[in-house]
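There are two complexes below, and they share chain A, which is joined by chain B in the first and by chain C in the second.
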Partner chain A sequence: MATRKTSEPFWWLLFAAGGMVAALLVPVHLLVNGLAVPLGWTSISHARMLALAGHPLVKLYLFVLIALPLYHWAHRFRFVLEDLGLHGWRTPIAILCYGGAVAGTVATLWVLWGI
Partner chain B sequence: MSEPRVERPGLYYPKLPTTWWLRNTNYFLFMLRELSSVFIMVFLVLFLVELYRLSQGPKAYGAYLETLRAPGWIVFHVVALAFALYHSVTWFKLSGVVQVVRVGERQVPPSLVTAASFALWAVVSIVLLWFMVRG
Partner chain C sequence: MSDATITLEVTRYRPGHDREPHPQSFEVPFQKDWVVLDALNHIKDRIDGTLSYRWSCRMGVCGSCGMMVNGVPKLTCAAFLRDYRPGPIRVEPLANFPVIRDLVIALDDFMEKLRRVKPWIIRAEEKPVSEGEYRQTPAQLETYKQFSMCINCMLCYAACPVYGLAPAFVGPAAIALAYRYNLDSRDEGYRLREPVMSDAVGVWECTFVGECSVVCPKGVDPAAAIQRSKLAGATDWLLSMVMPWGGRR
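The block that comes next holds the complex of A and B.
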């Protein structure tokens, strides 16, 4: 049987990397940036946050933190939709999910570039 | 040299009702684990918006933090945190099994790989916490 080349391994690799980044880094950021700072448990001033996010290494970190888990979402959500019975929509679902992750990556680059 | 292309036969899908994952606890937990990625994604998009507002100046940044103080967003972040923790726990438990680590001829037991992952998670979280909240 002839093997058909697919882009599956490429997306799976991004999924695995994104899942690892999400597992290691996201909970603490959710706690600090999603709850502690808005609720006033701790404060990160605009100047300090700007200085932090302006550092090239921190920018690289933020890029990895935000962009990679988007591919983790894309991969999982794609198969959730298929598992819920949307088999007839395989291709549009894949394009929408992975396309969304790529768009998010571009948006992340754009935002970080502007800081 | 490429072999002649052979069309793949159509994939077979068993016909299941959309609610198959409500049938037992394991299916339900599987679905929760998959859906955790949605909450993580939404949080990261919110965080990206915060960084964008940051670049617009102190006023815009302050206004955005004010928005995040709304009860709805706080509830969202609490729920998202629970999902994120569930993702981390299931991920590290699985990675111990998936990621085979060998020392010489011997395979490191999966439970040890998982334990090491949890330890790494704790250290990374504490370092980041310290880095973000200090003065």
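The block that comes next holds the complex of A and C.
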């Protein structure tokens, strides 16, 4: 049987890396940005946060934090749709899911660029 | 308790006779220590000798008695009637496989896939018998032992929705077996199995459903073998990208 070249390892690596970020870093930000700051457990002013986000290294960090989990979502969601029986639609589903993640990546770059 | 009974709804299909599989009900004695296979044997011996199904060891070793029991892939020699009271108990042929007759399914596809992953120890060069056996430490044995416990019962294929939708998928047990040999310290066949493993219908077809590991009666955890093989495959791929001239493990 001839081996078919596949781009799966590429998407899987992004999926795996995104999963790591989603599992390790996202909860921290949910806690800090989603609870601690709004509920006043700690006070970081908007100006200070903005200044922080303007630092190139922090931008890089935010890029990883936001973009990689998108690929985790895309891979998972694609498989969920396939398992639901949309197997005949694999190619359009893959294009939509990964395309969505790529669009999100571009949007993230664009927003970070503007800070 | 002795005159208690339980009903089995058994799928019947006789090629050339029945247009399609249909259930037939049988009332069998309920015995506390009976498994579904005992009930089937009772039907065959006492009620209807034409009922066809596979079995052999009656002790969870041969892997031939797998069927769907109330919709779940089970070894019927390990599925106690008492766990399905008051019944009825639906007994169907393993899902995702073509049915030959009654509860007997066609194994050809699975057998072909097993062969395809080359499940034997491959050496770059065999050493002469006079030099003795290939030795292994208990720790080396431990790395793959779990994946060598497979009895080829195919319950994992019956549980796998991916195999149901895309029958070309190499599938859980075959991948677990390939992984078992890849992990074996005596084996040097990783590269020869790789074309099958990293094919689009190899490990990458898996969508992390995980049902294979849930239904496996031997604790093989084929899902883990698949995910770890994905990591190995992705690492290979990455190396071949950064070192196209031959960055291989």
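We take it that the second predicted complex is superposed on the first by the 115 of 115 C-alpha atoms of A that agree within 3 Å, B and C clash if a C-alpha of one lies under 4 Å from a C-alpha of the other, contacts with A are read in each partner's own complex, and residues count from 1 in each chain.
As a convention for this text, a contact is a pair of C-beta atoms (placed from the backbone, for glycine too) under 8 Å apart; a residue touches a chain by one contact, two chains touch by 3 or more.
Since the model is a prediction, treat every value here as computed from it, not as a measurement.
Undergrad: Touch test for A:Leu50: chain B only (first), chain C only (second), both, or neither?
TA: So A:Leu50 only meets chain B here.
Undergrad: After superposition on the shared chain, which partner residues are touched by A:Leu62: those of chain B (first), chain C (second), both, or neither?
TA: First partner only.
Undergrad: Once chain A of both complexes is superposed, is A:Ala17 in touch with chain B (first), chain C (second), both, or neither?
TA: neither
Undergrad: When the two structures are overlaid on chain A, which partner does A:His87 contact: first (chain B), second (chain C), both, or neither?
TA: Both: A:His87 reaches chain B and chain C.
Undergrad: Quick check for you: in the superposed arrangement, does A:Leu96 touch first (chain B), second (chain C), both or neither?
TA: Neither: A:Leu96 stays clear of chain B and chain C.
Undergrad: Decide which partner touches more residues of chain A, taking chain B and chain C as the two options.
TA: After superposition, B is the partner touching more of chain A.
Undergrad: Contact-wise, after the overlay, does A:Phe77 reach chain B, chain C, both or neither (first, second, both, neither)?
TA: First partner only.
Undergrad: Looking at the overlay, does A:Leu109 come into contact with chain B only (first), chain C only (second), both, or neither?
TA: Neither partner.
Undergrad: In the superposed arrangement, which partner chain does A:Glu8 touch: chain B (first), chain C (second), both, or neither?
TA: Touch status of A:Glu8: second partner only.
Undergrad: With both complexes overlaid on chain A, does A:Pro38 touch chain B (first), chain C (second), both or neither?
TA: Touch status of A:Pro38: first partner only.
Undergrad: Please report the chain A residues shared by its interface with chain B and its interface with chain C.
TA: 1, 4, 76, 79-80, 83, 85, 87
Undergrad: Under the touch definition given earlier, write down the residues of chain A that touch chain C in their complex.
TA: 1, 3-4, 6, 8-10, 12-13, 16, 76, 79-80, 82-83, 85, 87
Undergrad: What part of chain A is in contact with chain B in the complex they form?
TA: So the residues of chain A in touch with chain B come to 1-2, 4, 19-20, 22-39, 42, 44, 46-47, 49-50, 53, 62, 65-66, 69-70, 72-73, 76-77, 79-80, 83-85, 87, 104, 107-108, 111-112, 114-115.
Undergrad: Would you tell me which residues of chain B are touching chain A in their complex?
TA: So the residues of chain B in touch with chain A come to 3-6, 8, 11, 13, 16-18, 21, 31, 34-35, 37-38, 40-41, 43-48, 50-52, 54-55, 57-58, 61-62, 65, 68-69, 73-74, 77-78, 80-81, 84-85, 87-88, 91-92, 95, 120-121, 124-125, 128-129, 132-133.
Undergrad: Quick one: in the complex, what on chain C touches chain A?
TA: 116, 161-162, 165-166, 195-196, 198-201, 204, 207-209, 230-231, 233-234, 236-238
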